[in-house]
Amino acid sequence: MNILSLLIFIPLLFGLIIVVLPSSLRASFKYITLLATLVQLGISIFLYIHFQTGAEHAGINNEAQFQFVQKLPWINLDLGSLGKMQIDYFVGIDGISITLVVMTCVVMVIAALASWEIKSNLKGFFALFLLLNTAVIGVFCALDFFLFYIFYELMLLPLYFLIGMWGGARREYAAIKFFLYTLFGSVFMLLVMVGLYLSVKDPATGNHTFNIVQMMNPANYDQGSIFSAFAHKTILGVSARTVGFVVLFIAFAIKVPVVPLHTWLPDAHVEAPTPVSIILAGVLLKVGGYGIIRTCLGIFPEIASSGAWWLGLLGVISIIYGALNALAQRDLKRLIAYSSVSHMGFVLLGIASQTTEGISGAVMQMVSHGFLSTMLFFLAGVIYNRVHDRDIYNFRGLGSLMPKYTTFTMIAFFASLGLPGLSAFMGEAFSLVGAFKSPSINGYLPYWMAICGSVGILLSAGYFLWTLQRMFFGGLALKGGDIWRTALTDLNTRETIALLILAVLTLALGIMPSLVFGKINDSVLGLIHFLSRT
Amino acid sequence: MITLTDFLVVSAALFCTGLFIILSKRNAIQILIGIELMLNAANLNLVAFGRYDKINNGGQIFVLFSITLAAATTAVALAIILNVYKRYKTIDPNKIDELKD
Amino acid sequence: MTMEQVLFYLMAGIAVGSALYVAATKNLVRSVFMFFVTLMAVAGLFVPCMADFVAITQVVIYVGGILVLIIFAFMLSGRETLANLQQQSKFISISKVPAFLLAGLFFIVLLNIILKGNVNGLVWTEKAVLTSNVITAKDTTIDNIGVNLMGNYLLPFEAISILLMMALVGAAHLSRKERGV
Amino acid sequence: MHDLLPSLHGQLDQVLGSLPYFIPEVYLVVFFLAVLVTDLVFGRNSGWMCHILAIVGLVVVIYRDLQQFMFVVNESNVLIFSGMLILTRTAIVLKIFTDLFALVMLFYFVWDDKLSSHNKGLSDLYTITVAAVFGMHLMTMASNLLSVYLSIEMVSIASYLMVAYKAENKWSSEAGLKYVLFGAASSAIMLYGISLLYGLGGSLDIFGMAAGLAQANPLFVSFALVLFFVGIGFKLSFVPMHFWVPDIYEGAPTPITAFLSTVPKFAAFALLISFLAPFTNPALMWRSFDFRLFFSVIGIATMIVGNFAAAMQNNVKRMLAYSSIGHTGFALMAIVTALIMPAGRGLPVLTFYLVAYALAGTAAWMLATYFADAAGAEDMNGYKGLGFKYPVAGVCFVIVLISLTGLPLTAGFYGKFLTFSAAYQAYEIGHNTWLLALMITSAVTTVVSLFYYIKIPLNLFLRKTDRTTGFAAMNNWLLTVVAIITILVVYLGLFPDFLTKYL
Amino acid sequence: MENLLQQIDTLTIKFALVAVLLPLLAAVVNACLPGRTNKVAGWISTLAILGSCILSFFVFSKVWNQHVVHQKVLWFAIADTKLYAGILLNNLSALMLLLVSLVSLPVHIYSTAYMKGDTHYKRYFTYLSFFCFSMLALVVSDNLVLFYIFWELVGFSSYLLIGFWYTKPKAVLANKKAFIMNRIGDIGLLSAVIILYALFHTFDIAQLFGDNMSGSALANQMPVGVQRIACIGLFLAVAAKSAQFPLHTWLPDAMEGPTSISALIHAATMVAAGVFLLGRFYPIFTPAELTVLAVIGCFTAFMAASIALTQNDLKRILAYSTISQLGFMVMAMGIGAYASSLFHLATHAFFKCLLFLVAGIVIHEMQHIKDQNKLDIDPQNILYMGGLRKKMPLTFIACVIAGLALVGLPFTSGYLSKDSILIQSFEWAEGKGWLYELIPIGALLTSWLTAFYVIRLIAKVFLGDFRLIEFDPNIKLHISDGNWQYRVPLILLALCCLFPVFSYNPLLYEKAWLFNGFSAITGLDRVNIYHTIIPALVNILSLIIMYWSWAIYTKRKALPFPETGLLFKFSYHEWYIDTLYERFIIKPVMSFSVLARWIDRNIIDGFIHLLANIGIAASKVAEWFDRYIIDGVLHLLASIVLAIGNFARRFQNGRVQYYLFSMLAIILAIFIIKTLF
């Protein structure tokens, strides 16, 4: 059994166990889930440790350089004149994936810890939770576009139910909105995927293939096939490859989310129960960024470079726009949600710059945002569980009432407003470095984008500090009066542990960014080299 | 000499009359009559063309079948109509519209 | 203007006229009997196409079968059907205008197409004429039909028997009194 | 005088020669008679016997079908009964599926409380069903205008009878009336079309006809064709012949609806395919009528109407009815593909799509029955919170609907996926803009379809109900079958080649 | 030999490293200590800082005016560029290292007493040590990333300390303001750093700016456009950190924090970081930009000094004087008086820190009085004070020394540094046209204003007799200099305010070792006339001014002895003179100061608030856009779908004939279309 497949399917296994267990044991479900995630974490750490670095392990567009690869023939459809349709179960990781995988596993553990709060039909919740877990890991590991798509879609349904069944007041609206948004993207992605499949031939077998890695090589495209780089086919007058790129980008941009495709996010995040918000913000947004790097850049490099300006623009807009929106919110969770929009904007900016620093920064930012948003939502969840209210103006002077809580909040806030020494700084700083370098290196982005990006940092300081001032400092004043005063107990052990892990990770990444960079450098170099070659 | 066109024109007239009947009449049975009329129009065509098909005589045989089928259809339709009449006490299709959006 | 043509136009006139009357009349019973006339006329129209057997069948089955069925249905469906059919409006009334327009347009289109599409010059008919594959007044069609039914058209011939059986069963089921009631 | 007599021998030999290719149908006839006779002989309490007989009959027929599949599979198309029928691989496959689903339906009939409580007994229904299946067999193989018309009429009449079968039910008979009037009218129109086709083509045999039509006046020909497609459209229920669908599906007893919405579709599509086959033959330079355009437009319209109108249905049966229209539209995309590349994957893909749809559809209707019987739930509000009362059924429903939407790990997904890929391939050849439009429309309508399909899980699981009474205990047979179908759906979603390698 | 040197260097580096890390260690230990008010915390921090003080002495001795020591280790590699973390010890950093630790030590000791009894005693020292760590690290860090990191960390710790009493709303507002304004600067710095990196692909300060500030640096060859952006960024950074116009308004508000903090962070060390930054990045600037710098500095100095004239809040006065002194330094940098600027930085650190400590004591005692007598007064308001010299002589003396140093009278350290700046400013300005002359003149005026408000301060606080007596005579005054934890720091710092520490010659700044340590850039000799005139001019005038203000603020009633002619006349004259001054000098100056203060409050802060409000407004707009436009589009789409669906459903009215009709109509339409086209 390949270890990667093990990593992917372990949660599914546990999920089945939970399903078959009688409901009388419902108390044990959360422990089973936690166990599953812990096992997963163990495996992922094992992977991380045994992950080879060095130029000969760059991955990206070289199939041989991926690690922990497993490739099994999965579906063989005889397509008559098309030759055979060969769909492989093909998983493997390179530098870009490994960090995200580890991050995901950590987040999952935290989410499992956070799901202590779930009280109603536990069986369904944890089963779906683990299913989702499988899907997410699968997305990061899949190297066959078809497989990728399957996992990608597989995330939707569990999420729909997780939001819809255990969510807040407007959960139905949020759930359906999320579902439709994402499906809209992915349906068209399916079209492009099929098109790619029909354009690409595996040189070895001569069959069409879904292999992402082979899609990156222009030589593998049929002459005159629709997505071939040499035959300049057009769809409705637009260059076919541009269309393909745009469609894929939109699909992932919805996930990231990029303004103006973001409005599902605040609703979903706000309505979802804490563990789900954690997964949404911590992992799913990264799926978008990862997808852009892996497929949009990988398969349509020349479009990516010619369209870099627009990507950068969108990134900057997301940064500023998200930050402004965050500034305007009075619901804590909404604020955090919009801050995610703003922070993921840096990812896009970094990717758009197509410089080594930019992309490393983007990946770093994804990882750190994974931890930070987890932390933030966990904190929001803590207070929500206590008093079922999240309105910033209903709290004041929590600092003296819940010192531990306040401390962690401050850590999380300052980390995500980019205080040096904590992880987010590295991500944002290097995304900006990329943006600043781009004009002199490849001239994709103008200077003003980089500068606007840095203004985003200022804004983030604005809303986070304002929130601190409004909620935590000053004299104690609660809307709920003494009932709340008694309800708002400080963190218990479970919460403390969860938050401590995250805080330590944030700090560690801030001080030793090599934890991430060390693993991704070669892949990033490979990617840049690949991009610059086309 | 009577040309095919003449037959076609006549059948067209019959067909459209049938059409008019099925659209305008407020009585299921009359609608059936209209349908029969349209069938007859078609039969006329078949027969007219069938004249040039002596060997396997498709037209005429087809007409035989269609007449039989018409009978069967009518029988079934009438049975249903009677059922409806039992329930609704009317056979005006416009009054029978409980099933709708 | 041969005898044949006269007959044809006469028949055609009767057929169409009676059909129109069926469409026009308020009175149901009368319309049914007019329909009987139409069927007869159509049967008559079959004759110039050398389809004597078909004409007979038409008369027998339609008039003997279908029409009678319909009349029975009338009788069964009681009087107030007849009653509420009495207060039907005239041939052209607001409620019928759309129907009339539609049918009229349909007819125009049909006519237009028929006249454009010179059916008389069809390739296969001419070929048929050349290969004398045309039914003439001399030869009787009955045995031809019989042979074909036993040969080429055996399958439909058998199939339709099943169909009739099924229709019979179904109709019987629908119209038979419920048990226990 | 008797100039045809000499040819009679030849014709009879021909008939005898084609019998071996006709064995399943022969069995059907035999069992039809058997059921009929038992019904007549044993009268009132013959229901269960007829049931068993019919089931046994279908099983045998399926067995024969498979035999046929085994030994015809390598031969090319066979014309039998002097060109009345044509036996192709696709036809056989479709026949098998027709029979399979008919078999399932036969089981299903008795599990629906409303239908099985019919006080005239179901024995006649079995007779009709078997006859209908026979009609469909003819339909799948028909290659002659006469057999086409005959088989269509056969199936239609059977359907009328089935819909109106529950005579004491008001709605059932209303639906029957509408159905029969609409159906008879459209068949009359089709007959007119056929007459013209015959006139212009000069032959009842569709190959000869096609050859003839190619030389006739294009305008006239297209006119005739359109009239003809009215009849097929009535069977396939695509725009604008779809108006009857929601009412009839709602009014008819659920199992009948299930039957109508799944089983005849195979036959009807097979008919469409075999009717279009001659025109795709490059040998005859077909100019007169652009089938691609025609079906593309029809397909787009059908998808839009079906899905968009379903978007605000509250009655589950109506919603499923509209969605079935939408699926027809999607299947038409495969037809267009097949038209553009006769050699391509259009037909097998279509088959797969139909099977996937039929599986999910059957399960969906069964579940509608289930919830209707269990909790009297007819419309969305009735479904509130039932998911927790009947978890298994609820989960199955979700999976089934996912398959209908076409999300991965279900058969429906591969249906859509394969159709897309085939269409893409066709697009690469011709760069046919209509095809592109079709694909985009289908993508959009997929999203829309999710919007209404998801309503059911929404009510099942997301909404809570306060009602505690009126939950009947259910017979688990139905649920078992549903579960099996669901598992099948998922299995096909994981390993589609389990099916595709036979297509 | 080489080898030996190597070893010594590594030793130095090690010491420097330990010196930096000790406070961090203390901070961590403190954080882990149990209990909120754990007395141990104070001592841990103090010991730590003492240790690093000693070590930095050693380091200083090793590095000062000797070869530069620079060692670095690989920190992390991003793609193909490697980032090193290292320590760069040259004169500048060594000096700063020593200075910071030296100033922090007394503050620590002081704090142990000052914060006694505060409920968050432990937290205080944790923060304090953390600040010391980041400040020390800032001065020794050798690459821009580290530099930026610690640059922002000092800002962060100042944020923490300003808001130390987080239940005071004013404090919270103040620290938010401080942090955000600093953030503006940070972004400036960040952009500058990144631009430098983008151009030269290195973060190494030594490579970028040359080791010992010798102009031979990469940074000299920069394309103009980019260089502009970078320099603007740096301006912002400096202005924000060391409170230059227009980003200075956070500093007065920052006085909400504990006084000891104000002494350390907002007077001596952190605010000087801006000047230090200029010192580090000096080679980047072009003359034109330096001039701008000088103008900004000069203006800030003058404005702040004038504002200080009329403040009644003890700490605010000091805050404004800090701003103005920083203005001096920046100006000095601007006019190329590199050495003097740093020199002044050092001296200023001592005496301003001392002043704040004094203020702390006074406020503490006033608080004491207030609590004892249940008075309702603001303990920081100097109008309630007076005559404290009798009660707390030591404090008084310390304050006088510091004050004189601030004024810059001979025999104080202030004299040396300040005069050097003034003199060089004149030299710089001459021959540049009269406009440039404004800068030295402004500087001159500023120094006089300084003299004025210093004496006002001393007079109001210590001279005369206790104001409150006048309100109720039987007020209890149990106040004193406090215990040794108060006295020792005062004495220490007071000593550091005297000339011997810096130069054996009390009058010639050129002889100051510290000055010579940096005079690499500005080598000049004493031929110039200014060197004799200006000091004399400045000091004499200052003395006169001091006399006036003394006269004004400690006005007696008529002298005790009988009004026999001459004496009486004398006093009368005096009186006359006073009124004269009142009318012609004091009034205008005062009114100007009020005006300036008003501008400060309303225009500048107003502008900042305006910005903030604009931000909020924009955010509201964005939110509205989000809710109504973007979501609106979605809902529009949805409604379109529903509309089409409804259209399709319209036909389903349940009438079969209608169905037939519509079907046939559509077919007919198809035909007509086909026949027509």
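Per-chain residue numbering starts at 1, and chain names A, B, C, D and E are given in the order in which the chains are listed.
The rule is simple: a residue touches a chain if its C-beta (ideal position, glycine included) is under 8 Å from a C-beta of that chain, and two chains touch if they have at least 3 such contacts.
A quick note: this is a predicted structure, and the numbers were derived from the prediction, not measured.
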Touching subunit D and also subunit E, the following chains: A, B, C
Label of the chain whose CA centroid is most distant from the centroid of subunit D: E
Centre-most chain [mean C-alpha coordinates]: A
Contact pairs, highest-scoring chain pair: B-C
Maximum centroid distance from subunit A, chain identifier (CA atoms): C
Approximate Å spacing (C-alpha centroids) for the pair subunit A, subunit C: 71
Centre distance in Å when subunit B and subunit C are each reduced to the mean of their C-alpha atoms: 6
Interchain centroid distance [CA atoms averaged], subunit B/subunit D, Å: 26
Whole-Å gap between the CA centroids of subunit A and subunit D: 44
Residues of subunit D whose C-beta touches two or more other chains: 4, 146, 150, 153, 157, 160-161, 164, 167, 177-178, 181, 185, 199, 202-203, 219, 223, 246-247, 451
Per-residue overlap in subunit A, given as positions that touch at least 2 other chains: none
Where subunit C touches two or more other chains at once, by residue number: 98-99, 102, 106, 113-114, 118-119, 122, 124-125, 128, 139, 144, 148, 152-153, 156, 160, 163, 167, 170-171, 174
Interchain contacts, given as pairs of chains that touch: A-D, A-E, B-C, B-D, B-E, C-D, C-E, D-E
List of subunit D residues in touch with subunit B within their complex: 4, 145-146, 149-150, 153, 157, 160-161, 164, 167, 170-171, 173-178, 180-181, 184-185, 187-189, 191-192, 194-196, 198-199, 202-204, 246-248, 250-251, 313, 318
Residue ranges of subunit D touching subunit C (in the complex, touch as defined): 1-2, 4-5, 7-8, 11-12, 14-15, 29, 32, 36, 39, 44, 81-85, 119-121, 124, 127-128, 131-132, 134-135, 138, 146-147, 150-151, 153-154, 157-158, 160-161, 164-165, 167-168, 199-203, 212, 215-217, 219-220, 223
Touching residues on subunit A, where the partner in the complex is subunit E: 177, 260, 262-263, 266, 321, 324-329, 356-357, 360, 397, 399-400, 414, 419-421, 425, 429-430, 432-433, 436-437, 440, 447, 450-451, 454-455, 457-459, 461-462, 465-466, 468-469, 472-475, 512-514, 517-518, 521, 524-525, 528
Residue ranges of subunit E in contact with subunit B within the complex: 649, 652-658, 660-661, 664
In the complex, subunit D residues that touch subunit A: 341, 343-345, 348, 388, 398, 402, 407-409, 413, 416-418, 420-421, 424-425, 427-428, 433, 436, 439-440, 443-444, 446-447, 450-451, 454, 457-458, 461-463, 495-497, 500-501
